[in-house]
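Okay, got some structures for you below.
Each of the two complexes below includes chain A, the first together with chain B, the second together with chain C.
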Partner chain A sequence: MTTKTSPMRDMIFFFVFAVAVLTMPVWLAPIGAGYPDLLQKFAIYGLFATGFNLLFGLTGYLSFGHAAFLGVGSYSAVWAFKLLGMNPLPAAIMAVITSGLFALAIGYISLRRSGIYFSILTLAFAQMSYNLAYSVLTPITNGETGLRVLRSDPRLFDSSSAVDGPLIANLFGIEMTGYAGFYFCAVVLLIAFFIAQRIFRSPFGIMLRAVKTNQNRMNYTGLNPRPYTLAAFVISGMYAGLAGALLCITDPLAGAERMQWTASGEVVLMTILGGAGTLLGPIFGAALIKYFENIFSAFNEQTLHEIFGFLPDFLEGPVVSVTGLFVGEGWHLTLGVLFMLIVIFLPGGLMEGFSRIGRLFKRSSGKSGPGSATAPAE
Partner chain B sequence: MDVILLQLLNGLDKGGAYALIALGLTLIFGTLGVVNFAHGALFMLGAFCAVTFNKLLSLEVVTTDPTKTTAWGSPLEIRTPYVEAYLGDFGSWMLNYSVPMSILLAVPVMLLIGFVMERGLIKHFYKRPHADQILVTFGLAIVLQEIIKAIYGANPIPQSAPELVRGAADIGSIFGFDPGVIVYPYWRMVYLGFAGVVIAAVFAFLRFTTFGMVVRAGMADRDTVGLLGINIERRFTVVFAIAAVVAGLAGVMYTPILPPDYHMGMDFLVLSFVVVVVGGMGSLPGAVAAGFLLGILQSFASMNEVKAILPGIDQIIIYLVAVVILLVRPRGLFGRKGVMEN
Partner chain C sequence: MEILKVSGVNKAFGGLKALNNVNLAVEEGTVHAIIGPNGAGKSTLLNCFVGRLIPDTGTVMFGDTSLIGLKAHKINQAGVSRVFQTPEIFSDLTLLENVMIPTMAKRDGEFALHAFKRLDRDAEIHDKAMHMLEDVGLAEKKDIVAASLSRGDKRRLELAMCLVQDPKLLLLDEPTAGMSRADTNNTIDLLKRIGDRGITKVVIEHDMHVVFSLADKVSVLAQGTVICEGKPQEIKGDPRVQEAYLGGAHL
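So, the complex of A and B:
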């Protein structure tokens, strides 16, 4: 099953990926995604899903509470803004540390169980955090209004610089809006992707795969899987925290709804859609979901009539009303259907689909040599 | 004392809903070995059966009364529901009792939905890992709730209980407390009784019929039952349909307590899963007991006296209990050995 890997191939792979990410504004422009707000989301949720994949894809532990770390990261980033000033670097570092500690605490308890029990435990912790953020922890989280940076906050390092207009995160004078914001997120994503790639290839990563494949056998070999899974859980929580911080760096506002279990479900969807256990899959899935969310939810009856205008009238009406269910307000229906189709027919996600198509081409070109191109038995 | 009794009663009706959903979940899990994340959606579909039934009954016929005129001088329009126009008093009686009557609609509809779901989708997931089952049913739940949203809109649609049981009873005075201390709505009592009847019916069905015996045997050891030459798959379909009906009925009767909207299922699903896990996966008495236990605990935690000592406890009590129980008793309260442990 393992694909051929070598340090050289990895470097080339990473280089191609980096170029692809950094030139996204250019090559995504034709499909209407070439604007910074959306591209930022691609990068941020790609990061979130990559982190989730480090846990789910490698160890097989399905966490249904990852949004809690995203929320904790957001809150600590905003607090870093409030206390230290609008520089994104301390905010990101603080978010990674707090979400890492938070993940350590939750992981330490949740990882005592596996399977569905683990899922329920993580879900329970995330829901607790969400409910508390809304009610009792209001002094820290500012409840329903959401936490934002105020002009009256101490901001130790840049309180002197009186700015007019809204407070925006800025990296040594570069404001984190528009393309600057996107490139900041993209660079963070690349660093995180590089680390994820190294983890995938490291002995530690192989250990994590062993946890997924056969925990019993691992126990018999004399290895304790717990420290490995806990480390994976904490790293994955840190990724989520960093993603949460980036959300606040591009828009300094943190709300509790980021921690709700639907948000946890979303990252699961992204990872599965793209392909759990692959490096590129989760990022691809995240970008696809965010893209469809943006495009489909913007559709309305009018645009549909324009699209299906070529049909004869008696067909156009029904077609528009049926497709109308799937766009605009109802784009979640598209998501649900897409998701079911993927789980039913392509359990490996889109990446598996791509490799199947790739194999199909290989086979048809290599037909001359009989038997030479048959896939190895699984 | 009276406060405690009041909270106990308040917890019971919510506990009843949790118990009914958790019962179906456990039934499906115990027999089919499938983790059904769409079970909350079945609860929601049941509730919308009640909404649909009410809508059908209150379809109106417009007649004009030429003898009277409105303030604008046009003939007065009188809107009467068809059922009242054709059936007279019996029609208005039906309209009044639309929520309990919609059980008649909900049972066949939920049976059909359960049957189609099991044959069309769940059947193919028996051999797949639990993660896949969770994911596909989660996707199905999204699809179902979006369809309902597309048909009925996003706003809650209130349903009223029959007039006879619309008020509240002063239970306290029966037990010798001061009047007005313990006031409990009649409908919640009805719901509680209904939940009890349904639970008893399911248990009786499993205990006293041959079919139930086979199902229980299947829960204990599926392979052996298969080896005895019993077509266990066909029975699974029926079990799934029964579980769907139970969830649907819980939803129908809950509509006067909580106006149904499209995401009510998801809200209940998360809690019901916690209930199932607390009770012990695969244990039917455990699901029922944990449902009532958590419902009551939740209502105790929302007492002001408790909140004064532990602020915010009402928001997290269920999850907190789940965490503690899972850590202390890994199999839940009544869990059996060997269920979901690999």
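So, the complex of A and C:
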């Protein structure tokens, strides 16, 4: 993190990132990830992890309840659809506001403690929200069925334009499905990424890193760490809420399972896998996990037999049955192994891996030409 | 004028009376050393100045403000900086960042939500911090991560972080503890140099060499009470001090 920063470099960095995100349908097609549903997930969970990283990566406060904000964002977005109409913009704004307020309340209480106690408090709040959404709050959340937009809802601004077919979010006539949905999410991700980049470079950002490094010195330097951590918590909750809204914009249905602790854990995995405290890492981590989830879980015995068909029969059988454990339903096993490997060998996540590869190339570039470079594994 | 006035301070931890009716006055612009044997209550006393401990009874006045019950960051904002026994720095950050943070704290107060400003565009903060690093001789290391510094350099950095805030009162808790002789001498030189700025300093120290080369006035603390006070030369010869502090041995 000692690299020199300059506005110019950041602009170039952002520009390259923007181009890469917007051309994802093209360059991800060869590895089978070029379809809109998955691309939407990349963008949405990339946004979620970026926000999580603003808290965890900068201040070191590990929240285990961020899925609560994702859920709150989703419910708010669906309510915005129900009340105001199917335009995604008010839904996104409403989600950011409610999840921000929610984060303010939870953060105010949880941030009285740090370390493991903070994590447990956030986890407890998230599980409370999850259970409330299933039970007491059914009038708001519609319980197990999940909250969806009904034809009978008021939808103030577009109830007149009665549409046939399913209710889909639409931005001034453009339906938020398929590639249109992806590009909407991508643009939101880019805006959010830009803000995150500014926070990283701001005096506020450096104060957050000071919180992580030495709160004692911070106190004796005349700085109050509490409002800093609370602000980071709220901002990161807003990011999560926005991600939740995007989930509903691409598919107008909100369910309580979105708030479960597994979802909270997933964003922690994404951030650590990619590299906590780096700008790009969490996005890589999110993409990697969502890619694995979709690709490996789609494998079955049949595809494995095709892949290992070249082996002699007496080998093929055992190999397929062993690898079969790691795909399909068992893709979590692959994820677990990958996570362990990365945490043990690359504590800085994928970003550390990339920078090591980069250094390797720099060192050997004097000897050998830039041959057919082995691209870093996606 | 007295910048720090401690009167009738008592502090007990359970049955142990750590401070017993301590009275102390620090004159503005002087270097005031507090010495005493292990367990005399030196650090406890210092912790009462910075909000880490609250005395059971007594008052600690900094100018016209009472420091009792104030939070640490409020005390710093009032003009009291502290150097720790083991340097407390932001070890994951670069030296420049380490010094920029207190510079911003001084200018912007205890909390400022400058989330959209670019720090690298803030010439005022940058120049002030750079200037300070030059003053303590760490300018060429400005982009190094603070964790990789030597003990002596960490101390310099911590001092820079305190000095950049132009404190009215600087508290030093054994500033040369665990240092080599060379590092100790460097630190003494540095402290003497910053003496020219007219910052009042309170030094807690074990090392007599440091005390006698820096202090204008010495208070000797033993078993939680100030047993003797005076100029370093007077203290040196005082039999009570030798008894309490050195167990009768001669300096």
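Worth a mention:
One rule holds for everything that comes next: the second predicted complex is superposed on the first by the 363 of 378 C-alpha atoms of A that agree within 3 Å, B and C clash if a C-alpha of one lies under 4 Å from a C-alpha of the other, contacts with A are read in each partner's own complex, and residues count from 1 in each chain.
Operating definition for what follows: contacts are C-beta pairs under 8 Å (C-beta built on N, C-alpha and C of every residue); 3 or more make two chains touch, one makes a residue touch a chain.
Remember, it's a predicted structure, so these values are computed and weren't measured experimentally.
Contact with chain C, but none with chain B, is seen for A:Ala231 once the two complexes are overlaid on the shared chain. After overlaying the two complexes on the shared chain, residue contacts for A:Asn214 are found with chain C alone; chain B is out of touch. In the superposition on chain A, A:Leu223 makes contact with chain C only, not with chain B.
Of the two partner chains, chain C is the only one touched by A:Ser6; chain B is not. Of the two partner chains placed around the shared chain by superposition, chain B is the only one that A:Ile120 touches, whereas chain C remains out of contact. Touch criterion met: A:Pro203 reaches chain C, while chain B stays clear of it. Overlap of the chain B and chain C contact sets on chain A: empty, with no shared residue.
For chain A in complex with chain C, the touching residues are 1-2, 4-7, 195, 198-199, 201-207, 209-210, 212-214, 216-224, 227-228, 231, 235.
Contact residues on chain B toward chain A in their complex (touch as defined above): 35, 121, 124, 128, 130-132, 134-136, 138-143, 146-147, 149-150, 266, 270, 273-274, 277, 281, 311-312, 315-316, 319-320, 322-323, 326-327, 330, 340-342. Across the complex, chain A is touched by residues 50, 71-73, 76-77, 81-82, 84, 88-94, 97, 100-102, 104-106, 108-122, 125, 143-145, 161, 165 of chain C. Put simply, chain A touches chain B in their complex at residues 60, 62, 109, 112-113, 115-117, 119-121, 123-125, 127-128, 131-132, 134-137, 261-262, 265, 268, 272, 325, 329-330, 332-333, 335-337, 339-340, 343-344, 347.
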